[in-house]
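We call the chains A, B, C and D, going by the order they appear; numbering starts again at 1 in every chain.
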Amino acid sequence: MTVRRRLRLGMVGGGQGAFIGAVHRMAARLDDKWELTAGVFQSDPKHSREFGRSLGLAEDRCYGDFADMASAEAKRTDRIDAVSIVTPNHLHVPVARVFVAAGLPVICDKPLGISAKDVKALSSAVRRAGIPFIVTHTYSGYPMVRQARAMIEAGELGKIRVVQVEYAQDWLANDLPENKQADWRGDPERAGPGGALGDIATHAFHLAEFVTGLKASALSADLSTFVEERKVDDNAHVMLRYVDGAKGMLWASQVAAGEANGLRLRIFGERAGLEWEQETPETLTITKLGHPAHILRRGGPGLSAAAIAATRLPAGHPEGYLEAFAQIYSDAAELIHAHLEVRAPEGFAALAPGVEDGVRGVQFIEAAIQSHAHNSAWTEIS
Amino acid sequence: MTVRRRLRLGMVGGGQGAFIGAVHRMAARLDDKWELTAGVFQSDPKHSREFGRSLGLAEDRCYGDFADMASAEAKRTDRIDAVSIVTPNHLHVPVARVFVAAGLPVICDKPLGISAKDVKALSSAVRRAGIPFIVTHTYSGYPMVRQARAMIEAGELGKIRVVQVEYAQDWLANDLPENKQADWRGDPERAGPGGALGDIATHAFHLAEFVTGLKASALSADLSTFVEERKVDDNAHVMLRYVDGAKGMLWASQVAAGEANGLRLRIFGERAGLEWEQETPETLTITKLGHPAHILRRGGPGLSAAAIAATRLPAGHPEGYLEAFAQIYSDAAELIHAHLEVRAPEGFAALAPGVEDGVRGVQFIEAAIQSHAHNSAWTEIS
Amino acid sequence: MTVRRRLRLGMVGGGQGAFIGAVHRMAARLDDKWELTAGVFQSDPKHSREFGRSLGLAEDRCYGDFADMASAEAKRTDRIDAVSIVTPNHLHVPVARVFVAAGLPVICDKPLGISAKDVKALSSAVRRAGIPFIVTHTYSGYPMVRQARAMIEAGELGKIRVVQVEYAQDWLANDLPENKQADWRGDPERAGPGGALGDIATHAFHLAEFVTGLKASALSADLSTFVEERKVDDNAHVMLRYVDGAKGMLWASQVAAGEANGLRLRIFGERAGLEWEQETPETLTITKLGHPAHILRRGGPGLSAAAIAATRLPAGHPEGYLEAFAQIYSDAAELIHAHLEVRAPEGFAALAPGVEDGVRGVQFIEAAIQSHAHNSAWTEIS
Amino acid sequence: MTVRRRLRLGMVGGGQGAFIGAVHRMAARLDDKWELTAGVFQSDPKHSREFGRSLGLAEDRCYGDFADMASAEAKRTDRIDAVSIVTPNHLHVPVARVFVAAGLPVICDKPLGISAKDVKALSSAVRRAGIPFIVTHTYSGYPMVRQARAMIEAGELGKIRVVQVEYAQDWLANDLPENKQADWRGDPERAGPGGALGDIATHAFHLAEFVTGLKASALSADLSTFVEERKVDDNAHVMLRYVDGAKGMLWASQVAAGEANGLRLRIFGERAGLEWEQETPETLTITKLGHPAHILRRGGPGLSAAAIAATRLPAGHPEGYLEAFAQIYSDAAELIHAHLEVRAPEGFAALAPGVEDGVRGVQFIEAAIQSHAHNSAWTEIS
């Protein structure tokens, strides 16, 4: 067992009251492969530095501005090994651009940006820089999601026919004028043009492509905004066509009373079907035609190497969202170690979603909005 | 308690090897309100009569032809009180027309027919005849479905926003050249133009309208035929728009490996959401925004009069498909008694689906086929 | 397919307001193998006859007294083929004795009686008379229960180690002075010495022996009466030792708030374990050591002949309690046809519980009461 | 928000290949309240130090012997704030005694020791030393377990009647001669006299007392050893009597084929019942008599302050075993901060199990063994 040094993590965003920043920090900590070292956490420089100190950062690693941080860190010999970008959506690309330009690897929240043009440009920059760039489509970090992917890749479902994916929540069923999380997500300037589309449908879209290994070629979308005051969609109905003949449906909703974080994926092939639900992530149901269903469980018998590599605890000791998120961070660590050591990444680190996955997500948002604007006409995703 | 005489039931179709005919007979028997009295069960007169005798029918009530049966029965003083039509789809209208013309009430399987024009004509004839006509959308007979309907009617969900309904099976995942059930269902001459559309999507479509009390005004459909040899659709993806702003999705599939009879309904209103699944029909999950989910169970506390009226056994003694089906037959019995006694039906018998529901189903099929033919263009249902 | 005549059923008990009588009648009707022909339904002869007429019985088959009924029926050429005894417990043996003496087969509710001495005498009488005698341990009629039994018999679980069975309800969590069902069940004169023990624990005890094929040799019991006014136990905790080294626990409760009819069985062998729950009776979970769990479903792939023979509908069309009950009646019909035709019963009719199972149940009750009286000392069941 | 310094954690045990040591370290890391600072991880001093270095410990904090560690640490100004003892059971007391004598707080795995006499002596020493001592009954750290406890404490279930608890696994269904975890657990010298009793039944026993707030006064036990080569019990059937009239059953098994880590608790009071299962820890089902069941979920509406305080993520983002474990570590941190600052602990830190809970566990083991030796005679737990 090679023991590698803990990597140094920088962070942009994720200050006081930001949900996802704290999650990134817990996820980075869990597997002990990262140490939070530097950051700019809030727009106000003074508050940002205070917050950094409260996290135990050294004084000179608490920055007031992300551009300063990028240039200062790039000059240090003990520079950060990557920066996590956990700001509202509209800042993802501007911030990422600066760190990429400084040659610093990036771990960026989704959606990658608010316009397909921007994210494609970013993607080119990343390619030219030749550095790791991870997009936190967290749900691809779950062991049983990776199990599903491995089984489809191995042909156990046969040719894929139908892909049903959905992501339903209810926290925006009413207008939430006082809620910080709701505030920027409902503002097209900061969230981008998609509401439920950007915040959750992109996860569902990625999950379906990740697990099936198929690309969606076109979509037909019917978007709704049920809460009157809202400026973006809060419910998206989408029909999908995948290359190679598979058909799909995607439903994303933030107004589905009773749903908390209901991401569910069902895939049906010529030989078998599978089902996975994020709220009970430990099991994966597989049914081969003509056989009883069987229930694969994390840590249990019959799993692929990819699933086993993403697990920490024995079966029956529930893992959850943080472990899935930690997996992405551990994959990122391996990608960066490999980059530093100029070698191929070990294990299954390459499963971590990258900049191209981020581009797909933004293209999906734009296609859905365009389809909706044309009375749900079938629209290419590209 | 008024005890009413057992009604006399005739049957057309449902001979040797026909699944649904036997189900109709068990359902009619369960609540002891019907006695099978006459029938023509198969196209071959000799086999038909033999089959009738094996069911214990009197010799003179075993017919060789449905038109003979209608005219002979109409002349008897102990004539049948209704006829059940359980033939392949293409015969529903021709048979029903004859019995309606003879003044005999009808209980007809779905879809009501194979063209909207025909079923509209039938509907007019029924209206003119002024007789009961029931369409066996079985699933509306489940107590917890009626509970869902009653709660929405009472406003407990608030204004409806989103309706997700699906009906997934896998028995046609492969070509079944030897299967009698599959045979006629795959033949447009006998099944009509819809495959999964006619056989199962119509149930899902009816269920959604039945429970919400909303009419779907338009749809956008993407139909597929995954099994090469098949002449009709085996998977239907449909987006729906309901009057009054609600949006819906309907998925019907006969190739969904692992699914047996997966009819599921989820409805989300401004104040609450609900979920019901046919394979576990005893419970209904209700979640009011800001409250924990609660699980209503058949026979348990907190139910509406409509649900209570449709239940036979105490909670925890599972009822199922046959009881739901029996409920439709018991409702039909009450509709017919009321008709004979020239009074309004008692209880909740009027919940039984009627000829207009049958018409809606065929209109839905036609709209879906038309939409699909026009690249999923939004198409009115009428 | 041999079509056999419908058998004529007599009934003792089950008049107005009696839950289980109506259930027996529905169960007898479902498979069309029985026709209710005669009966004495209530203790008052006038009400009894009225009730019989309301069920459509002929005038001369409506009796006022069970002894009269037995002697009158025995003299008829169109005599009843069996009598169902659905009275309170204390009448089971007196009524059964009379019909057995008259040579008439019996279908009797459980527990078979209120003293082991009595039921053993009855059992001897039945043996001497050589007639079919069925005890309605309904739950053994479920297809997936029979599947479980078949798998254990075939050795798929290996040697049985642990048997966990429970039957939990909450309908007697409070005193119910006005409830007719509760009334006699709480009266040791009519119910016998066991409360929960007799009413539900006997079902659980039978189920465990039925499925495992093992006899319980001894028990240690701790009985409770939580509702102050009650004269019999309403909660029973029992440890069991089976012949051949298996160990078990049995819990029966009528005060388990939240439980409706929670009969659950889990069995663990050297090679595999299984789980079945009566409230979701359509599935049976099997887990072989070192393999993922698989879920067998009624009507689905991978089932034994015994399970298939007890099923009416395709998978996904839920069957329930009435079908399980109907199975016992259909088995009884076959046992009686075989008896009349002096041949061995066909299929799996011999799985129907008989008088010896009834004796075991009463022995179990007496052993539990004796153990409890001796501070839970281990007590033989015999 | 007061930000307190990270506490310094020492560890005894948990070296290469030890499951629970790694879990303790992840749990300690998750909430960022602890920093692993010192340790002796294996019996061989050289390997122990190597392992410590591989975890990133400073050279002088990698010890070869626990007594040296205790005395060396006690002398430092930057001494560890607590030691985690994660050795096999027989070392818990000897190690704890030394650290307690050195005035260093202890976090100890369960069971606390291998004889009731020893753990009572330890408990006295802890009381005299006046220092925090936490026993890692992990499952009491789950938010929904704390919710259950809070509801019972608030009287929502009424007087408790029945407590059904079980803990079932299958990993020891066969002899595992090569398995390091199985090895010491099957050796009475190192594991103590209980097998399943010590390893898992103690958790179940604690959980029931923790949630109900009731003490079990006596038990009747039937222990089994199904795997021939084994020297300790692998299945325990226990009946319990609680003070104040409640009755209980406890089942613990390591040979229950199909069970991974099936800890389940059901509690029934005069007014309501509840159910919680460790493998799906995010929900708690509550049923009030006469009302539909409701499903409380972590992060959702309707929760107590105690549950809310133990949660990290929004509803629907599954938390699991590590978060429950982390909660015990965070509680421990607060108990130690409070101890250092000579103040009462804030929040719900006092819910963390302490040395007395550890004593109860060992008394339970001894009572069960004694009862079993006396043919399941009722035996006091003290």
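We take it that a contact is a pair of C-beta atoms (placed from the backbone, for glycine too) under 8 Å apart; a residue touches a chain by one contact, two chains touch by 3 or more.
Nothing here was measured: the structure is a model prediction, and the numbers come from that model.
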Request  = Report which of A-C and B-C is connected by more C-beta pairs in contact.
outcome  = B-C
Ask   = Measuring centre to centre with C-alpha atoms, which chain is farthest from chain D?
value = B
Inquiry  = From the mean C-alpha coordinate of chain A to that of chain C, what's the distance rounded to whole Å?
reply    = 55
Key: Length of the line joining the C-alpha centres of chain A and chain B, rounded to whole Å   = 43
Note = CA centroids of chain B and chain C: separation to the nearest Å works out as 35
Query = For chain C, what residues touch not just one other chain but two or more?
reply = 259, 293, 297, 300
Ask   = For chain B, which residues are in contact with chain A within the complex?
value = 157, 161-162, 164, 166, 170, 173-174, 220, 222, 224, 226, 235, 237, 239, 241, 247-249, 251, 253, 255-259, 266, 268-275, 285-289, 293, 375-378
Complex contacts: residues of chain B adjacent to chain D = 290-297, 300-302
Request  = Can you check the complex and tell me which residues of chain B touch chain C?
outcome  = 1, 3, 6, 19, 23, 25-26, 29-32, 54, 56, 169, 171, 259-262, 278-282, 297, 299-300, 312-323
